[in-house]
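The chains carry the letters A, B, C and D, assigned in the order they are written, with residues numbered from 1 in each.
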């Protein structure tokens, strides 16, 4: 079955998670626990699901995006006894209904991606042992909740683990966004004016890879320090109000809304491509685009043509995550690290939830570093160790010129 | 219909060919001529076909590779009256049978990609006005025929046009090979040891783009000067007998056979990916691999697992052009330039065949430069012009220090 | 006078500091204060000195490295009334004597680079209003002092300002290290195996620029996460015990000692170049090298040949900061940002010292961001501003899919 | 003595030439011949001189540029009996007088760089066995002479050897131009708008390295195909009339005159840097600049400030080759290859001059490839060899799909 083939292929390249699974199979730290998940339901996620099952958990899962599900994976998961509520192309209503089903499952611990599920639990006042959150966007939402004092249970911000955001957000989003755009459009990147909105970890991954494919990249930012970094990394920096007149391909990765809005679309050239790599589909103002358009048609799989009269704009993947909707999402090896963090976070909550407050925590650094060490080990890469003298030297402030 | 949608999308981005079509629609230089074609039958090729029809030609077409056809395009072509014999996944027998059908069509002029069709005409002793050839591989074969004095008609080596090989072979193959590998495998390129065999125009495009995606690239070569260029471009250079022990992904682009052969496969690591970007499927010794394998299975679309006992090797796209079989082939804009050269070459043959000998010709430089000028024009890019004084200066050898 | 020419040239490119000087000339926040400085005495430093004088301060300055002084700048400073004790090529004794003279000057506030001056004040038990420290190395030493509770006055870790370390350490060290090595050796970087020890901000700047010059870069690290980043940035990663056999040029940037030591030198190839870009001259074990050598001779300005019998190693700049000893140090524009942070830090101490504890502080974020904003302004670059709706959106956790 | 130290350092890194010297010491192919040379008189050139002496020649040498001589090298050459007429900072009159002295020496064979010496011989009607020419500029002049039928003796266009222009012009000029600009200005390249005029081998080397240092590069061209290549290599392409308004640093490498002329200087920003990397000092219109300026002063070694009233432009190295005047010229390893070609060319002329016509010849390909093979050998790099089957395959046009 195609779904299982995809899962085995992913497993072959998720060696860190394999190591963690072997430990968990022995220790069974999730014995008897119910895990509710809202993640992109594709092959790599299935490997995480299987890992948690090996650790003793019972699983219910749904999608964290209406468009990112791969149905053959859903099917494969159901066939091994997982309650999977995801289906590609759900309406927003169906999407939330599925989220509610996971909440109904009465999970002890929750793994979320964007915090829709965690928020559903809060609306219900449903307390659990804890949750872990995958994305920058979700963590921002959760920290706002923490600041307002409304958080009902502890959350591990898996996104903020070094072995997550430095790799998944940067190299993962970088590669997979390029991949999604190439698949959707078959267009040449070399020589193209690509505008990347946002120079956070995702944005800089995308900008770096676009440059690596020969594009001429413009970066827009709201943060002065990131703007300077983008400049010194060799990119042009300007406000969107100017970039919108020049760009041929636009990619948003800001975590904010209406980054590309009516005033920009009005000024864009005919034939421009609009793509989003941020978590939610609000970065490009799709609703505005729909109001502005004289007609809309799907002209190729994952490309919608908006005829504005006099010019046409092309929106990829309905403004949803282009890497997941038009591609297979992040490369496997990157998710190996991210999901290893997830597995360790779930175990950490299971074993320490009584000591945790209703706050947003980082994954303990020793677990973060464990993922890095396992990754190096599975790659067969050795690194240096500090000598005794060196350990002494860096802690001894008396050593000078 | 999906095929037509793909074709219109391609048309939107083939502005040079559009310009040429407009000229040909007026002049009808191919009125009453039969054009036989053997090309990858996908959307961009269909735009070339339509251009030639606009110029007055009647067309028969087949594939130049058993695996690269997109069936919805074949169907679309048939529905507009083109004799199209291509089907994805033909056997080698069926492939040659289709080639023969194009020869039976009694073409006046032939467009070939790899020279299989031209060779079929030679076997039959079937003389035509002339042919044009798309690939490095085909041109090498044709020059060998020219040297032996067996060419029956003139051939334009479209591959050797500057606006073809500098762009299609380099930026086109570079991007599309990456695209094909990412689609087939969903693997991370960043940090991977990628071995690129061959540092010709295709190889250097691939190496450059792999580096752009964060890979650590090793180049193998047989030519000492290219080897030095690869080195100074920042790549490691070593013989395949050493690279085979280190690489994680291998990509061949040499135009030669058995570049990866038994002695190399024996030494490879478990889990290695083998891909080919050269015209024929002989660069990786697939037949040897089949003999060596204890078992073979397709484990994901376009990935075959060869179990050699103790380790597994993964061959993409059966060792055929990974960019065409696992992806959509070259980016549209690059084929715009290549196929503009083709259209101009066909017109040139139609108008000048009586003056041509049975030799391999380059496309006249003024046509080559015309493609470049049209490309810049359609991009809206202006460049400098020499002043009178400058024209004088560079031709006057008396001006010194 | 050459010194003044160099200073005016630097001033032309230090527009952020010029803005800050204009403010300080009006406000005179350092009126009547004595500032003691230990910095590399070269043109850009002189611009900082002049800025502090404009703010009302009296200055004594010495070098923070025995080899990095440019004597024409010392002379120029003296001619405008600065007590300058620096001279190029001082012995270590003379170096410390000069440090003591600055301490004798009874400074109210101190600017240090490496913390030798701050440490001298501590040996004397000499309390001052506060100090600011420029380097990663110095901050590490000071934080160790803070942990042990021995700090006698507050210190601003200017190094830890985002507009300092993200730019100075990365782009500054990156460029200037390349510059120093090229000047000293006239060797080609393209195709060279360059080993960069350390992938902190300095190390990654160096690695990035070496790659940008066509080198093939190997990174060594002791930190597993940085090692993975280096790998995914496309570099080879291995322990020094292996890299030492392969490298042709070695550059240390770790902040630690004996990173290249006897066991490595034994295994190195003939003709290897050794350079250091870390603050102190202990990263390459120069003393060991001297013991190992049969003979030592300076064979070109800033290159010493160590004949180990059978092979020769070449040490640049006596193992001291190659960018400062063999070049002109960091590019001007980068020091504009770093020294603007210094000027703001000194003003901050002058105005707030009574509220500060004897701890290591970061520069307040609003000052850090002020530097960034001034830098963008002086470059004429505009960036986006969040709209009301966007500000609302990112703080509202209720907005979901 | 400093000159000899520099020469020995160069010798250490010119291993190809060392191999060739060993052969020539045995064969003495230049026994009794007089070689006249006009080259940049610096350390690497001295190694070539010594090689030719070892082969039996007697040498007279002068500079090929009034500013590029290093006087300590001149002195060292004189002390070993070479007639050296070069001095740094000669006037144009003195420069030509020195050229005439080399002609007076009655050379049998001449090595030239820019063709000033060859042209002097032509003015005199002085026939010799042959000459070799180093630069693109010189070869252009000589081919114009050949076309007009005025060449008096055969010339080897050493510039056109693959192991010369692919390496020296590209990686050599690329690195050394960056080096010269950094030394002269101490300015940051990261984030700078750099305009590179010309995308020939030199220009693309410079553009590539500027990008590698983090600059944002704009390319200007007169050739449509090169313009497209620059575009797809990720650079912006526009005419100088637009680029002049945007650029912060301008670098010319066109081989033509007045590439930056009054109309451009008028539109430039205040503070712009002008540098030339082409052979002659006519690419930036220095004479126009002098007419336009209200005042001119040297404000730092190798930087002249032209005050145009309202803005100041900064010319490096008087518009002469910035890499040679402000730096040490090309990296040693690159000149090893170029000068090996020179040595082989001189030997080839000495041995074959009777068979040569008064034409411009390429160096025979076997000598070109010999340099490449020796370079790989001295680097310890092995490459692949074609198997018997592979040699057969690429010459056999019958092998198809």
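By our rule, contacts are C-beta pairs under 8 Å (C-beta built on N, C-alpha and C of every residue); 3 or more make two chains touch, one makes a residue touch a chain.
Fair warning: this is a prediction, and the values are worked out from it, not measured in the lab.
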Query raised in the report: Taking contacts as defined above, which has more of them, A-C or A-D?
Result: A-C
Requested in this report: Return the chain whose centre of C-alpha atoms lies at maximal distance from the corresponding centre of subunit C.
Outcome: B
Query - Intercentroid distance (Cα basis), subunit C paired with subunit A, Å - result: 36
Report task. Compute the distance, rounded to whole Å, between the mean C-alpha positions of subunit A and subunit D. Result -> 51
Query raised in the report: Using the touch rule from the top of the page, what residues of subunit A touch 2 or more other chains?
Result: 171, 188, 190-191, 211, 214, 228, 231-232, 379
Query raised in the report: Which residues of subunit C touch subunit D in the complex?
Result: 2, 5-6, 8-10, 12-13, 43, 171-172, 174-175, 178-179, 182-183, 185-191, 208-209, 211-214, 271, 299-301, 303, 327-329, 331-334, 379
Query raised in the report: Mind pulling up the subunit A residues that touch subunit C in the complex?
Result: 64-66, 92, 95-96, 114-116, 119, 140-142, 144-145, 148, 162-163, 166-167, 171, 220-225, 227-229, 231-232, 237-242, 255-259, 280-282, 368-369, 372-373, 375-376, 379, 381-387, 389-390, 393-401
Report summary line: Residue positions on subunit C within touch of subunit B in the complex are 188, 190-191, 211, 214-216, 228, 231-236
